[in-house]
Amino acid sequence: MAEESWGMVVDLDKCTGCQACVVACQSENNIPINDEDLFNQRRPIQWIRIERYWEGEFPNVKARFIPIMCQHCGDAPCEPVCPVFATYHNFEGLNVQVYNRCIGTRFCANNCPYQIRFFNFWEPEWPESLKNQLNPDVTVRSRGIMEKCTFCIQRIRRTGQDADRNGGDPTSAEYERSLNPACVNACPTETLAFGDFNNPDSKASKMRDKDSVEEGRAYSLLEEFGTNPSVVYLKKVDELAEEVVHG
Amino acid sequence: MNQRSLLGLFTDEDTAADALDALQAEGYGTKEYEVLTGTPYPEGTFGEAEPIHKLFRWPLIGAACGFIIGLILTTGTQIAYPLVTGGKPILGIPPMAIIMYEGTMLGAILFTVVGIIFESRLPRLFMGAYDTRITEGYIGVAVTTDEERLGKAEEVLRRVGAEDITRG
Amino acid sequence: MQDHIQIDHKDINRDLLSGVLGTPSWWLGAVVFLTLVFLAGIGAFGYMLNKGIGVTGLNRPIMWGFFMTNFVFWIGISHAGIMISAILRLTQAEWRRPITRAAEVMTVFSLMAALMAAPLVHVGRPWRAALWVFPYDFARGVWPNIRSPFIWDPSAVMTYLTASSLFVFVALLPDLAVIRDRATGKWAPKIYSALCMGWRGTPRQWKLQALAGILLSALVLPVFVSVHSIVSWDFAVNIGVEGWHSTIFAPYFIIGAIHSGVSAVAMLMAVMVWLWKLDKYIRPDHFDAIGRLLIVVATTWFFFFFLEWVFALYTLEGPELALRELQVFQWPYIFLFILFLMTAYFIPVPLWLFKKVRRSIPLMFFTTVLVNVGMWLERFLIIIPGMARKTPLTFDWGTYHPSLVEILMVASTFAWVALGMLLFSKVFPLIPIFDIKEGMVFRDEVKIGRRTIPASIRE
Amino acid sequence: MASESAAQPGKLALDTPVGVIRDLLGKYQKTGDAYWRAVALFGVLFALGIIGFIMRLSDGVSDKAVWGYYAAMFAFILTTAQAAPMVAIATRLTKAHWRRPISRAAELWTIVGLFNLILFIPLLWVLPSLEDGRRSLWFFGNVDDIPIYSPHIWATLALVFLVIAGLMMLWVSCLPDLATIRDNSSGWRQRWAKRLAFQWRGTSAQWNMQHHRLGILGAFYFMMLVFVHFLISVDFLMALVPGWIDALFPATHAANALQAGAATMLLTLFFLRQFGGYKDYITLDQMWLLGKILFALSLLWFWFWFSSFIILWYGKRPNEQAVLELLMIGPYLPVFMAAFILNFLVPLFTMIWNPLRKSLWGPPLIATSVIIGTFFDRIRLYVATYTVPGIGDPAVDKHGALAMDAITKANLPDLADIFIIVGVIGGSILVFLLATRIIPSVSIWEQRELLLYKVHKPFHRTEVMVLGKRD
C-alpha cells in the first residue's frame, strides 16, 4: 500500500479572506446551506472557515485572516474519546470520520482544540433547485452525527484509481488538479497547497520545506497541545509589524 | 427416614437458652435443633453452636473470574479490529486497567451475593415448623428430627416452659 | 448520644410497615402528579427523537449542556447511599441504622435517573447508541473503543447499579420475611415468601446477614470511588476544553458527590419523618450526626474546590484566565457563581456549626436543599463555561441557553427518583426493620457514678 | 485486654486505676540497657548525618541538584513522623476507644517535627527565589508586587505553626499525666513535671478545658499539616519543573503523608510492644484497626496517583509527557516501580489475607514496606525534580505549557547523601527515644478513662464487651 502522508500548507501571507474555499467546500462536500437562521443558532457547518481577527489600535487596524480546517493531527485528541471508532487514524495520515458508525456523543467535538468538528443538529435540507447539484461521491450526512473536513478523500481516492488505470504517480504534478481538495483548487491566491508530505517534490512539501528552512515561517496551530497536525501554516510577512506592536 | 420438625416459642432469651441446654442434655445433636429469632443477637447468646462458613472465598474466586473476563474483553476486542486512535497504543494499559478493574469488582460482588445466599442455606423450599410470632419478638426453638424422637423433644420444650408449640 | 426508646417489636413492625400494609392518604395523589411530570419529560424526549438534538439549546462550542450536568448531578446523588451505609457500617456508627435502606434505594433510583439523563438521551442517534455501545455489537466486527471514557462509563455505572441493587436486596431479606408474616390477600404472601427465599432467622442466617453488610460495603466502596472518578474523566481527558483538563477532577467530583449525596440523604430523612411519621425512629440525634458529617465533608470539598482554582490561576494561561473571568465576572455566570458558593458552602456550613440547627428538622431540610441546588450549579459551572471559552480561538467563543425540552427532561429525572422512592415504599419498608430491632438488642448503658452513658454492645 | 491480664497471677490488676498508674509509671521510670544501646546506635547514625551535612555544605548551596537527597529526606520526615500524630487526632475526634493506648505515642512524634524544622532551614538557601522566573503560588504575573522570597517565608511560617500546634497538643494531652508524675515520682522527673503541670488538679473545669483544647488543637494541626504539604509540594517541588501542572498533587502529597503516618505508628506500636513492654496495652485490636486504616490509605495512594497519571497519560501534551518521563517512566522508573509495589501492591495483596491482617506481626511488616515505599517515592519526586535545569531561564518556564527540553539522567546518591539519609532517620528516631524518657509513652489518664467506659459483662449465655460513648 502506498504510504502517503497527506498534508496541507497554508500561506497566511497570501490569504485575502475571500471565502472562496468555504464556498467550494460547501458545494463539493454536500454541506447543508448555512442560512441566517442556522448562524443565529450558532450551528453553521463550515468544514473550512476563515477566522477574522482585528489587530492593532485605530488608526492602523488590521484584519487578520486564518483559514482553519481539520488539521488531521498525528496524535488527534478527538480520536481516542470516540466510543465507537467513528473517527480514527488511517494509514495515509488522514483523520477519517466514519459517518455510519457515529452515534453522536459529540465527545470528539469537545476534545478538538481547533473546533473543526461539526454536529448535524437538524436533518440537512436543500432547496428543490439544488437537489441535483449534490455531489454523488459524497455521502449526505443524516442528523445526529459528526462531520468534518476529510481533505476531500473522495478526490484522493478517485485520483488514486485514475493513476492506477493510466499509470503515473497520484502525488505528481500531472494529477495535482484532480487530487487537490476543492478549497485548494478554488483558492485564487494559492494560499493553500495540498500534497503528500512523504513525497519531497510534491508542491506542499516544497512550500513547507522552503519556508521552514529558509525563512522559518512554518508553524503548526496550537503547538502546545502536541497534536502534531498535518496542516502547516506559514507566518504572515508583515512589514508593518513593528508599528502594529508599538502602535 | 422422614424428618419432621416442631417449634417451641419462648418469650425471653434465657428460657430459650435453657431449652437448648435441655435438648442437648437429652442427647439431641446440634444439627437437630436451632434457634429462630426476629433479630440478630450477639453470637452464643443462647449457647448455640457457632455457624461455620466459607464466605470469604467467594469474592476472591469472583474477582479472579471477573479479572480474567475483563482481560479477555479488553485485549480481545482491541486486537480483533485494531484501529489507531490519537497515537495511543492499541493495548493501552491504563484504559484496559479501568475496565478490568470494573470487571474484577463486578465478579467479586456477584459471587459474594451468591455466596451469602448459599452460605445462609437459602433458598429454603420447605419452611418446616415456623410461626409468624417469631418476627414479633418471640424466640423459636425449632427441632428437626425423626418422627419418633419428636414427641420427646416436645415434652422437653414444654418442661422448660415454651409458650406454645407448633408442629410443621 | 442516641437517646433511648425501647419499642416493642409489634409496634416496630406496625410503624415501619405502615406504608406497605396500608396506604397513606397522600400517596396516590403524589404518585399521579410525579407520573405526569415524568411523562412530560418522556414526551419531550420523544419530540427530540423526532426532530433531532436541534431542539435543545446546544450549539457549536457548547456540545454538552443540561443533560451532562444532570447526569453528573445524579451520579453524585447516587453516591449518598453507599457513602452512608457502607462507611457507617464499616465504622460501626450506631446512628446509621434507620437511614441506610432509604439511602441505598435512593442510590439505585438516582443511578437510573443518571442513565436516563445522559448516555442515551444526549447522543445524536440514541437508537444506535443503545445497540452499539452497550451491549456490545458483535455483528459489525468493529468493537467499542475501550480507550474512550464513554466505554469506561457504562462499565462502571452498570457495575455500580448491579452492586447497589444487590446490596439493597440482601439487606431486604429479613424484612421481606417480616412482611411475609404480615401480608394478607391472595398473592402478596406468596410473592413475599418467594422473595425472601424462606428466611427463618437462624443464627447462621443472621451471622451471614451481618457479614454481608460488612463485606459488601467493603466491596462496593471501591466501585463507588471508581464510578465518579470515571465520570469526572469524561471531562478531564479533554485537552480541547479549557478548565476541564485538570488532574484534580476525580477526587474533586467524588467529594462533591458525597457532599450533595449526604445532603440528599438528610433531605430524605426529613421527608420520611414528615410523610410517614417516623419521628420515633429518625431522631434529632440522627440529623445531628449527619450534620457533623456534613461539616467535614463540605469543608474537604471546599479544599478541593480551592485547589482547583489555585491551579487554574497557577498556569497563567490566557484562555484559562478568560474562562475564569467568564465564570466569575460575566452575567449570568456571576449570579450563578455567587449563588453556587452561597448555597453550596457559605450558608449551610456556618449554620451547621450550631447544635440547634443540626437538631432542627426543618432547618436541616432547608440547608440540605440549598446544598443540592448549589451542587447542581457547581456541575453546570464546571461544564458549560469551559466549552463557552474553548481554546485560544476566540473567534469561536459561544454561549448557551437551555431550551424547554431540556428543562422538562431534567425535571422528569427528579420526578423519576421521587416516584421510584414512593413506589418502593409501597412494597418494601424504607427503614430496615431488623436493623432497628438489632439496634435495640445491642443498645446498653454504662453507669459512671450518677451518670449513665449510652453504650453499645460489641462482640 | 485489661481483664485478661488481671486474671494472670503475680501481675498488678490492670483494671483498677491504681494498677494502671503503678504499671505505667514503672515502665516510664525504669530504663533498660537495650534502650541505651539503641540510643547509642542512633546517636552514631545521627553523628554520621552531621558529617554528611558538612560535606554537603562544602559543595555550597548554589546548585540545588546536589541537595536533592537532602530535600527528599526532609520531605520523608515530613510525610512520616510529622503525619503520625494524625492517628491520635483522627481517632480522638471520632471518639474511638481503641486509640487510648496509642494516642500518646503518636503525639510524641510531634517533637520530631522540631527536628525537621531545623532540617528545613538549609533548603531556604538552596531554593531559587522568584526572581529567577520560577512560578509560584504567590506570583501572578508581576514579581515586583510581592517579596521575591515569599514562598520561603510562607512555607517557613506554616511549618513553624505546625510544629507549635503539635507541641501544644502534646503538652495539653500530657497535663494530667504530668500531674500524676508530679504526685507519684521523685527526682528530676518530679521537678520538671511540677513545672509543666502547672496547677492541674483535675477539676471538672480543667478536664473540660483539656477535652476541648485537644479537639481544637488536633483540628488545627491537621489543617496546618495539609497546608504545609500544599506549600511544600507546590513551591518547593512542582514549581521547579517547567510545565508540571498537577492540581491534585498537593492532595496526593498530603494523602501519602497520612498513609506513611499510619505506617510509622504501626511500627512504633510494634517496638513499644516488643521492647517497651507495653504488651498489656497495645494489643491485637490496635494492630488490626490501624492495619485496616493503613490498608484503606494504601488504596487511596493508588487512586490519587492514578487520577493524576491517567490525565497526563491521556492528555499527551508535550509538557505532560515530559513530566511523566521525568517522574515515572524515565530514568527513575526503577525507583518509581519500587514505590508503587511497596506502597500499593504489597499492602493490597497482603491485607486481603485475613490471618495476616489479624496478627500482631502482619500489619507492622506491611507498615515497613509502606515506609520504605514512601522513602523511594520521596526520592523519585524530590531528587528527580531538583536535578531539573532551566529554572531561572524565563524562556523555559515562560508559559507553563512549555515542556522541559531534556530529561537529565538519574542522580545517584554519593557518600554525603548516604550519610545524610542515615543521619536524618537516626536523628529522628533518637529524638523520639529521648522523648519517651521525658514523657510516658502510653497516656495514663486515657487508660484510666477507658476503665470507666469499657465493661465486660455476661449477656445470657455469652460474654460481651460494652463500650460507652460520651457525646
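Note that the chains take the letters A, B, C and D in the order they are written out, and that residue 1 is the start of every chain.
Note that in this section a residue touches a chain if its C-beta (ideal position, glycine included) is under 8 Å from a C-beta of that chain, and two chains touch if they have at least 3 such contacts.
Because the structure is predicted, anything quoted here is derived from the model rather than measured.
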item	value
Each chain counted as touching chain A and chain B at once	C, D
Of A-C and A-D, whichever chain pair has more C-beta contact pairs	A-C
Core chain by centroid distance, with centroids computed from Cα atoms only	C
Distance from chain C to chain A - Cα centre to Cα centre, in angstrom	45
Chain A and chain D: spacing of chain centres that average the CA atoms, whole Å	57
Averaged-CA centre spacing for the pair chain C and chain B, given as whole angstrom	30
Where chain C and chain D are represented by their mean Cα positions, the distance between them in whole Å	35
Shared interface positions of chain C, touching two or more other chains	142, 144-145, 147, 151, 222, 237, 239, 457, 459
Junction residues of chain D, two or more chains touched	310, 314, 316-317, 399, 401, 459, 464
Residues of chain B engaged with two or more neighbouring chains	41-43, 46, 56, 81, 83, 85-88, 98
Chain-level touch network, classified as line, ring, star, complete or other	complete
Complex contacts: residues of chain B adjacent to chain A	81, 83-88
Residues on chain D engaged by chain A in the complex (per definition of touch)	314, 316-319, 321, 399, 401-402
List of chain B residues in touch with chain C within their complex	34-43, 46, 48, 50-51, 53, 55-56, 59, 74, 77-78, 80-81, 83, 85-86, 88, 92, 95-96, 98-99, 101-103, 105-106, 108-110, 112-113, 116-117, 119-128, 130, 132, 134-137, 140, 142
Residues on chain A engaged by chain B in the complex (per definition of touch)	74-82, 85, 87-89, 228
In the complex, chain B residues that touch chain D	13-14, 17, 41-47, 56, 60, 86-88, 94, 98
